[in-house]
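Pasting the structures here.
In what comes next, subunit A is part of two complexes: it sits with subunit B in the first one and with subunit C in the second one.
Then we have the complex of A and B:
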């Protein structure tokens, strides 16, 4: 690890100010991606801005029609939350499948969403539920937030403070874990709302994406059989030593069916 | 006073007191006064010429003490890293043995090859300086696979090794095999790959070296399975340090699996550098560094043919293998795919003629050497797979074809056509035991239940034998070993009767401190808690060859047993004097020397006391003291074996294979501590399951980059991959080891890959699948199903 300055601001404006005043400064949330990168000397940020002392970024709020989760809320808290388990069980289930217990106790929802790893779980939940990303300066809809491989709509001085989730009629998440890393080789989040179904896929491509033909079919008939014959185009899907693109495409259909199954049980 | 805890008991492990309370003493825990930090600069290229190295920026960096390169090694006229085995081809021509400099000279041959060593005040300063070293590489094309390496136009690693072939080795009667094939009613053929593995011991490699100018002595603390061998290879053959001036210490070591049974360049470089900088130097590898420098295992491409008569009797077996050696010859490298492979191709069967040809091939990959099982899992996999192929093709039940060919219990000792003679065994007994333990008769119902859930269930058998207890030195010498393979032990009885054992094997997870203490407790009637086992320090232990090849109990335990016998012999002489009886009338039992037929006795403690306070003692004919040493060189290998039965369930939708049941009935000879044996079997089986289903070291062709370079991409088996296992022993006693032991460290790893893959193939056989290469990943299984004869829709 190379030397860096360490800041622990107490207020969001202070953190945002540090973020623009120090060039290449990085935000430290749970550090589950950032710290290994630093340890391997693959990144050399001059400063880290630790968000752990910012008030009110942790915790889960029930607003009746929505649930808002603070950006610094660890995955384990979301997974164990009675509120989330009751009103949005698919999201609690998703959080319980991330990494291992150590990762779930350190890693945060804001960190995961801001990092937008192409195989992370939360982006599927956020996009699949059509959630809203709340930042230090504005609100961004999930459809506008994720922009492909590690890219998001965040401005350089913008800090995620919370994610607001609408409550679906039904929702489910099915994840095929990459054997070694246990990231999503393919993960599919399915959510049924009064006005239609959303299907979001992580792991299969360079970033989380929706599957309109499946959404249309499931809006007509919310049953696994409705999408069993829908095949995903392999163009743009990831091929690596664990899975070739056509296998990932196949898994999208299988996992989507299993996500619908999970939503129905 | 504690209790005698002898052979067959299962006390908790002595060593766990320190391990489980965080009081172990590993190399990384050790700090020396004035210690500096070393970092190795490694090649980022699979194959390149080093045009030049500019040290100046690195030398000028803060805290830097030294920067050393291959030119410095050449200037000091140091030796090449030695290979411990010299094999020959069919014509007796020795293998090609190009030099392996401890720091690369002129060329790098794999990603991870050591280019320079940077010493600085702190690890951070050394890492920062290492990044400033400028190496001018002329990058060459790499070749990583054995088939490519021997092909036309392949990049050549060494100017004097045409087609990258180190040795074209063979074993067996080629003509007899050809004759038998001509008479065969059926010939089964199989092409397969034995996947490349990375050992992954829990503790990464590490070393500290220190030089004392006052005594001209060196000390090397290293994560080694065989410190005495490191002292010999490094001192005598690389650095020219006299043996009495070099101490090698391997303290607590966190797992080895073979990865730590080689002499590595890092050890030589750090020891040499410690004298140059006149300060201790410490190096601790990261996991990532281990992936590109720890010796890898396996990596074969094989074509096998089995000739059978019309009844399914094996007539002859022919195997052709290309074995990957990586970029250089490691300590045991060429021995593994030859001498530890070919002689095992007989298995537990009466196959009368066997021929094996192995081309040992250099590639731009990490050197390949022994990894738990080492050659024997590869042999077992080829044999046990082709037996299944033959059974399927001939329409004979897989158990029945094995029975028809098994060596009957009463035929032992059994001479195979491939050098080795099995002393004892009962393959049929192991098979029968396993069939019951695995509840094979109800498999059909379980398969039907799986089918009702849309899953394919399969059962796989592996009836296997291995050769361990390495090794009879004379036999090994004929095969090309350049050293002995005996073991030594000293039993030091203290004046108060407690015992310290000094033994040349090394305990790095196997529970030796417990097992060996049980042997001493049993033999001498000394309380278990009054026995300590010392190992891993060339200044404390007389000599030893270390721990590998399931040899510690078989060879080291035998030396210990012999030394304990000598203690008893001497004790009887002392007792005869004290009890005023003839030596022949003295009996020793349960810790007491007594005169036969009388109630006159002396305790072991009394005899020890008399030996060290020899006031009433036969000084004219007997030396004082009670300490005995024995060396033991085995007369044969030992041949553990058994039957493993794996049961898997395949999800055709995703291709996922789940191991649902696993049964092993093994013949490991006498069991000293059943708890430790069970643990060894569990661990060994899991490593074999890892090879069968999960683990794969993958290189990028052309660039030679290791693609599976971390635990994010290299899949180790985990607890939730595994069912509860049924493990039992069905032992016959080894006829030539003092306690009848056979060894158990590797059996699990040797028996299990074939059992698991045979089960996967069985599960998919109704679709026309006849073979699955390892690892049977979901992606691979799904693709097989896509190409299989029956359509498998998503529903």
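Then we have the complex of A and C:
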């Protein structure tokens, strides 16, 4: 790893100021993606801005109709949270499936969402639930936040501080994981609200996306059989060493059915 | 930068570059070579240590994260107070042949102890899910799972007694 300057700001405005004053500075959250990237020298930032001293970015808040999770909250804390397990069990389940225990103790929800890895789990939960990404400067709806391969709506000086989740009537997550990395080969998050159903897919393409035909069918009949015949187009899906696009397309339907099953149990 | 932390029960201060990985700090600077570096890509788990009681991969942790924290490495494990015995989990790995070459064993033990501490009534499914981040290329895992179950039971018994 190449040397870098190391900053541990105590306040968010200070962190945001550092982020724009040092060109190519990177934010360090849990480091579960950033540190491997630095070790492979895929990035050589002159400075890291460690958010771990910003204590108010950790923790889970119950607002009644919503749950807000601080950006620096590790996956293990979300997975073990009685509040999340009770009010949004699908999200606790999703968090418990990320990586492995050691990774879940370091990796954070804010880091995962900001990085927007095409095979990460959290983007499916955030988009599937229609959550709101809260940053140092504004609030961004999930539908406007994710913009494709590692791309988000974040501005260069913007830092995610929390994610606010509305509570669905029912929700479920199912993923077919790549066995070595435990990233999603395909993961599908399904959420039923009073005004309709949302279906979000991760792993299958260059970024998380929704599946309107499945949403329409599940809004009529929230049952796995309602989407069994819906195939998604292979255009734009990923083909790589792990799976061809047509296999991923097949898995989207299978995982969507399992996610509905999970939501119903 | 200067980093102060508690290492295996002892107050420790080191001088290290921020880009230093904890696994390297332990092995190169502190001569604690029980923490192994296997893949160096945070997948194999040979480098697992406990940071403030939680298992983490020390090959993917920067030294500044230690400041003010408590770190437990494989060298810090011990048996019952006053005894010269191994930790009950180490004893279980020996008893049940939970290792062959031994390279992955320090990480396996640290992960296993954390699992047993977090959930005293471990099931085999819990153990297999909990060991997902620890790779062994010798044993096929069967004896490791048996060892962790036995070690967890022994830790419980020690706590109860």
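Basically, the second predicted complex is superposed on the first by the 265 of 265 C-alpha atoms of A that agree within 3 Å, B and C clash if a C-alpha of one lies under 4 Å from a C-alpha of the other, contacts with A are read in each partner's own complex, and residues count from 1 in each chain.
Everything below uses one rule, namely that contacts are C-beta pairs under 8 Å (C-beta built on N, C-alpha and C of every residue); 3 or more make two chains touch, one makes a residue touch a chain.
Keep in mind that what you see is a predicted model, and the values were worked out from it rather than measured.
Judged by the touch definition given at the top, the superposed model places A:101 against subunit C, while subunit B stays out of reach.
For subunit A, the partner that touches more of its residues is C, with subunit B and subunit C as the two candidates. In the superposition on chain A, A:35 makes contact with subunit C only, while subunit B stays out of contact range. Looking at the shared chain after the overlay, A:180 reaches both subunit B and subunit C.
In the superposition on chain A, contact of A:75 is made with neither subunit B nor subunit C. Once the two complexes are laid over each other on the shared chain, residue contacts for A:250 go to subunit B alone; subunit C is not touched. Using the contact criterion defined above for the overlaid structures, shared-chain residue A:241 touches subunit B, although it does not reach subunit C.
Looking at the shared chain after the overlay, A:1 reaches both subunit B and subunit C. In the superposition on chain A, no contact is made by A:192 with either subunit B or subunit C. The residues of subunit A shared by its contacts with subunit B and with subunit C are 1-3, 180-181. Only residues 1-3, 40-41, 176, 179-181, 224-225, 228, 241-244, 247, 250-251, 253-254, 257 of subunit A touch subunit B when the two sit together in their complex. Subunit C meets subunit A in the complex at residues 1, 17-19, 21, 40-43, 45, 48, 51, 54-57, 60-62, 64-65, 111, 114-115, 130, 132-134. Within the complex formed with subunit C, the subunit A residues making contact are 1-6, 8, 28, 31-32, 35-36, 38-39, 48, 50, 52, 76, 99-103, 105-106, 180-182. Remark: subunit B residues 124, 127-128, 131, 286, 288, 653-655, 694, 696, 698, 707-708, 711-716, 777-779, 782-783, 794-795 touch subunit A in the complex.
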